[in-house]
Amino acid sequence: MNYVIIGNSAAAIGAVEAIRCQDDQGKITIIASEPYHTYSRPLISYLLCGKTDLQRMRYRPESFYSDRQVTPLLGKTVSAIDPATKTVTLTDARVIPYDKLLVATGSVPFIPPMQGLDQVEKKYTFMTLDDANALEEALTPKSRVLILGAGLIGLKCAEGISNKCAHITVIDLADRILPSILDERGSQIVREHIEKQGIQFSLQNSVASFENGTAHLKNGESVPFDVLVIAVGVRPNTELVKNAGGKVNRGIVTDQYCLTCLPDVYAAGDCAESLDITTGSQRVLALLPNAYMQGECAGTNMAGGEKKYDHAIPMNAIGFFGLHIITAGCYEGEEYVDEKYGCYKKLVTKDGLLKGYILIGAIERAGIYTSLIRQKTPLDTIDFELIKEKPQLMAFSKIERLKQLGGVKG
Amino acid sequence: MKRIYVNEKWCLGCHLCEYYCAFANSGSDDMVKALKDITIHPRIKIEERQGISFAVSCRHCEEPLCVKSCITGALTIHDGVITIDSDKCVGCYTCILSCPYGAVMPSGSGAIQKCELCVKNSFGTPACVQGCPNKAIVYEERA
Amino acid sequence: MAVDFLYPPYEVIRNHDKCITCRVCERQCANEVTRYDPQHNRMISDDAKCVNCHRCVSLCPTRAIKIVKTDHTFKTNANWTGDTISAVYRQAGTGGVLLSSMGNPEAYPVYWDKMLINASQVTNPPIDPLREPMETKVFLGQKPDAVQRDEQGKLINNLAPQLELSTPVMFSAMSYGSISYNAHESLARAAQELEIYYNTGEGGLHEDFYKYGKNTIVQVASGRFGVYKDYLEAGAAIEIKMGQGAKPGIGGHLPGAKIVGDISKTRMIPEGSDAISPAPHHDIYSIEDLRQLVFSLKEATEYKKPVIVKIAAVHNVAAIASGIARSGADIIAIDGFRGGTGAAPTRIRDNVGIPIELALASVDERLRQEGIRGNVSIVVGGSIRNSADIVKAIALGADAVYIATSALLALGCHLCRSCQTGKCNWGIATQRPELVKRLNPEIGYQRLVNLITAWTHEIEEMMGGMGINSIEALRGNRLMLRGIGLTEKELQILGIKHAGE
């Protein structure tokens, strides 16, 4: 069996590890545009603030490819997939045949059209190691940084560079920061915390135009800056599949087995859609854990096993300047809110199930909540009052605990 | 493989497992030296309420969500034992988000910590198991 | 608060240099002796509540605690000792009978310690139990006078029902109620594994333990608690309890507070009612009456099970035993004055009854003289502390021994003698669920098995030393004993020579 994987991040690694659980003979080729050993992209902000380094941010050990007999073609880019001949073509015209193909191409930063943007000299996105290195090089202790986007990437970037520059302003169209994972109150708490670090926000705002190192904003203000970071969002890399005739919505459409509508072509990770079981909708869940597990599922199926990718939920663990946030699921339903000692908790229930939660500050044992969502545990089978108080196994029945902790089967 | 199993029927809520765990992972050869006048951060923790108590520590799942979710590759599983490379860990807490048992916790050093079945310290049998006075925590092979 | 004149007998000494304030001592003390003082980050103790059970001492991970007897003292007085004075204060304060538990702790002679065991030299070589077979098995029950044959000359089985013991030790009666479910389970499982017997005591048999029936002796006491057909049929033997060494002349008493849940169900009495066993069996006022009960029980169980009659060792024990041996009973159990109890009036426990060593010697001698020794087996209890005590008991004429205090010690008992409070920190003499769970039968039964296995090895070693390879050959073999520091009278009663003779 000849496996080809386009991409070299979490989904690709998940696929390799899953394939090798089933098939230690087949040939695996990884093709990736970036010339680096597999590394964890979410770590680039940690790299900038010195919490990790190039060595430690490797997603897998140095010997990963040789241990698993993977041929890495790094620094090579695929230009086309031909499902008819079952080949991929590289930009250097090389043609590589496959029996099973995984598209794990991830996403690219979205850069909205803005007047005068092309005049801005020091402008960066914040996604890859190269992005991070370029940004770091551009920064001086006197730099005034303007970040477009108060989402996960923009704010992680702000945290990462806060010690390397003079001032940071973050602009977002939305009326609150981290709108994709936080509610209003949560957003306010996190915002206040970040503002204490000297980072300035300008919300419900956007850049009208750039001119001579100044951004003119929609609300009439002007912000002088030296370095611009664009982090308004990402777009799934779907072109290869789309051009090959595969079905693409916002991301690549896959079935429960991570198979696209092209034969023997699978897709996983940030480029692909999957079923969000909290809402029942198909969507791109661009998160590293999901990417790994989706890739793992694809790999299993590529190697002849059978595995469904059917527990996907949106979820995030993130921290800013020591304040930790864990969220999961969706927030439509009945709410339980508790705020004390500077910690915030929201639990959202619907149809007798836990659908989502937000924890800020006190995040201990959050996985117990995540599991309730993921396993769709009926809340009438547990003591919900205890669960509201804190995540605890005490809320489960004795029998359930015997299974969880006592190794009792059935 | 051998695993830790907890039977709440015999748990006395004495919390000794927590102290033996903290000692075993302290790197010290003397319990008093290691634990006097500090707040301990054990990898096994007792839940207790209304006469019921039980210890919770890493189950070393066969399909470990924490390992699969780890964004740095710091959590790995070898021979069924899940360990943390605290040098690699950046403390993003995605593992805390993922663990269905709530058995992964912040360590105070920035990284996370979890039960590693005492494979990294000198105890052959996990310290919590050795220290449990009532066999509420056992370490054994089960089919 | 009125002054009670009582000073705490024990002091909890904590080495604060070693204490890591883990608070296990606080959590594990049902007497609430210790608590944590957050202001000073220190554990503090109320010595007055301490019963010296060592639970905190045993669990303290840094060995930071010890319990010492107070050196607080009254003016020295050999007659009015501190304990004697305090007892008066206590009773003057409460107006109540003093209650105690476990066995008589007073400084009476321990005859076991005044007897020495023989060993072979030269003429009758010792036997090495590691290389040669050594039989510790005993059968308890009536032995026929002679071999009988039918007309064809074939053997007639004229053997009465017997109890078969792999080693001459049994766990004596401790009721479910006086001790916990987990203690009972430990005893039952150990008896099964050891191929010996445990005894239900007078509290009936919990339904969960019927499965251990093959290794169970069911007791019928004066209160008849929990006695019914299935119960009698469940056991391997039936014991009629006439008396108990710790409190001869009075019956058992389990307060209503302990008659809860399964205890009430097993005893077959309403929850909360006191379980007071009458001092006598109200249907037994003579050996003839006893015989009626013996045969009623045999009739009820189709003569398949041996019947044991248990009495306390009292002054005229030999005459009483002679009567019992003629009552149809298969086994006589004699309980010495050091036998334990879950609760007894202190004055009775400490002053009534006689030592088991003397009782055993005189009973065995009397039954031999009367030619009825074969009518019954003799089992003795009341402070058998180790394997040497067993060897001496058998040499004095016992068929087997009953142990209880040493079994409880194996389970964790520290002889604090506070069973009557119901707050046993070791999960033995308590019915409080949070305390009962402290005794995991998985651990408990194994410790009992270990103890009896170890003792059996030692018995074999001592037998081998004497050149005896079967325990049956040791029974009543008083030549194997010599007294030390005993008077002529004591030697005469024990039927042994003095060391050097």
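So that you can tell them apart, the chains are marked A, B and C in the order they are listed, and the count of residues begins at 1 in each.
The rule we apply is simple: a contact is a pair of C-beta atoms (placed from the backbone, for glycine too) under 8 Å apart; a residue touches a chain by one contact, two chains touch by 3 or more.
All figures in this text were calculated on a predicted structure; none of them were measured in a lab.
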Chain whose Cα centroid lies nearest the overall Cα centroid: B
Most extensive contact between chains (C-beta pair count): A-B
Centre distance in Å when chain B and chain C are each reduced to the mean of their C-alpha atoms: 43
Cα-centroid distance, chain A relative to chain C, in whole angstrom: 70
Centre-to-centre distance between chain B and chain A (centres being mean Cα positions), rounded to whole Å: 28
Sequence positions of chain C contacting 2 or more other chains: none
Complex contacts: residues of chain B adjacent to chain C: 9-16, 19-20, 23, 31-32, 35-37, 51, 131, 133-136
Interface residues, chain C side, partner chain B - complex: 17-20, 22-24, 27-28, 41, 58-59, 61-62, 64, 433-434, 437-438, 440, 442-443
Chain A - residues contacting chain B, complex: 10, 14, 40, 42-43, 46, 51-52, 56-61, 288-289, 292-293, 296, 315-319, 324, 326, 328, 363-368, 370-371, 374-375, 386, 391-394, 398, 401-402, 404-407
Chain B to chain A touching residues, read off their complex: 3, 5-8, 47-49, 52, 54-56, 59, 65-66, 68-69, 71-73, 87-88, 90-102, 104-106, 110, 142
